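Following this message is one structure expressed as structure tokens.
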Amino acid sequence: MFQETLEINTRGRGTLDITRAIQEAVARSGTATGLCHVFVQHTSASLILCENADPDVRHDLESWFAREVPDGDPRYRHSLEGPDDMPAHIRSILTNMDLTLPVSNGRCALGAWQGVFLYEHRHGGQRRRVIVTVS
Amino acid sequence: MFQETLEINTRGRGTLDITRAIQEAVARSGTATGLCHVFVQHTSASLILCENADPDVRHDLESWFAREVPDGDPRYRHSLEGPDDMPAHIRSILTNMDLTLPVSNGRCALGAWQGVFLYEHRHGGQRRRVIVTVS
Amino acid sequence: MFQETLEINTRGRGTLDITRAIQEAVARSGTATGLCHVFVQHTSASLILCENADPDVRHDLESWFAREVPDGDPRYRHSLEGPDDMPAHIRSILTNMDLTLPVSNGRCALGAWQGVFLYEHRHGGQRRRVIVTVS
């Protein structure tokens, strides 16, 4: 059982491609066939698998969330840290903080168009802890 | 491979903090480093990781779902068990019935603000089966 | 660690019950107690656990997504492959491409009403690769 923690600085709301960092961790684990579990230790950032070729996909995804889980909704009671606080929690729950990938031939067996992205939901950049476990 | 089933009584729609029950199962497993998989054997309750300090977060989350996946929507065909039947299925699919957590130092390595919650989506209290597997 | 790839032809947008195929893979693995991880190697199809008895549930689920993540939304920039292209990515992210199930007594320990469905989000039928890993 291999486990390590990555520390990733985000640049505010949006997606960050962490596919390479995950593949490198899997390579260090020496596992040929198994599972790679990725976990973000926060409640206002999440992990998604997303189309990795056209940046417009992540743009449109962000637009959808901005519309469906709006910042500063007057119905939110929880707004201690600002108008993006509560939406960040809802977005994280809808997109998840855990992700499990199959490992084949020593690598995460992603489809050709699949990338692993850390999705920051706060407007300000944050330092995020991501735990990678390979079994 | 450690596995056990927890039986949890819910008190109707809302979230129930099961973090302690999960941590206790992991302790019983004797696993130091690995993965903890949690699974609810139903289609109208789910498992979420959520901010664990301010109850307003779960209140606002519930408000969001009540608005976006409304009870008694006349467009639902499936309403055998009442107006909360179909929304409970949709909410469960959006928030998931499975959750996998990293285990480090004999405990689920949750972030400081992360709690594990069983999310009941039916209005009436139910007895829910939750399977915990630790590897 | 057991791993195999299933190739599944979808018939366009909608859900396909793959519970039997998953249970058969678990049986071939010979695992009595453990975890079964299912993964779709695409970004416009996903995996859900859903009520397996009344087809109206999947009908109402599809109606919900058709309304909340509409095809041909003029706000989408990414529409290379047609009006169902971007919605398929958003739907897949909301419902997930990975699913982990507990294995007990040599079978996925599903609840009585839980089925595993491959959810095709494109209008045209596609050939989808699903990787099953049992540990």
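Think of it as A, B and C in the order they're written, each chain with its own count starting at 1.
The criterion applied here is as follows: contacts are C-beta pairs under 8 Å (C-beta built on N, C-alpha and C of every residue); 3 or more make two chains touch, one makes a residue touch a chain.
Worth saying up front: this structure is predicted, and the values here are computed from it rather than measured.
Asker: Since chain B and chain C are copies of the same chain sequence, what is the angle of the rotation superposing the Cα atoms of one on the other, rounded to the nearest 5°?
Answerer: C-alpha superposition angle, chain B on chain C: 120 degrees.
Asker: Same or different, please, for the chain A to chain C contact, judged on whether over half of the interface numbers appear on both copies.
Answerer: different
Asker: Approximately how many whole Å separate the CA-defined centres of chain A and chain C?
Answerer: That pair's centroid distance is 20 Å.
Asker: At which residue positions does chain B touch at least two other chains?
Answerer: Where chain B meets two or more other chains at a single residue, that happens at 35, 68, 94, 96, 100, 135.
Asker: Sort out for me which residues of chain B touch chain A in the complex.
Answerer: 33-35, 48-51, 54, 56-57, 59-61, 63-64, 68, 94-96, 99-104, 109-111, 113-114, 135
Asker: Give the list of chain C residues in touch with chain A in this complex.
Answerer: Answer in residue numbers: 1, 3, 35, 37, 39-43, 68-69, 75-78, 80, 86, 89-90, 92-94, 96-98, 100, 129, 131, 133, 135.
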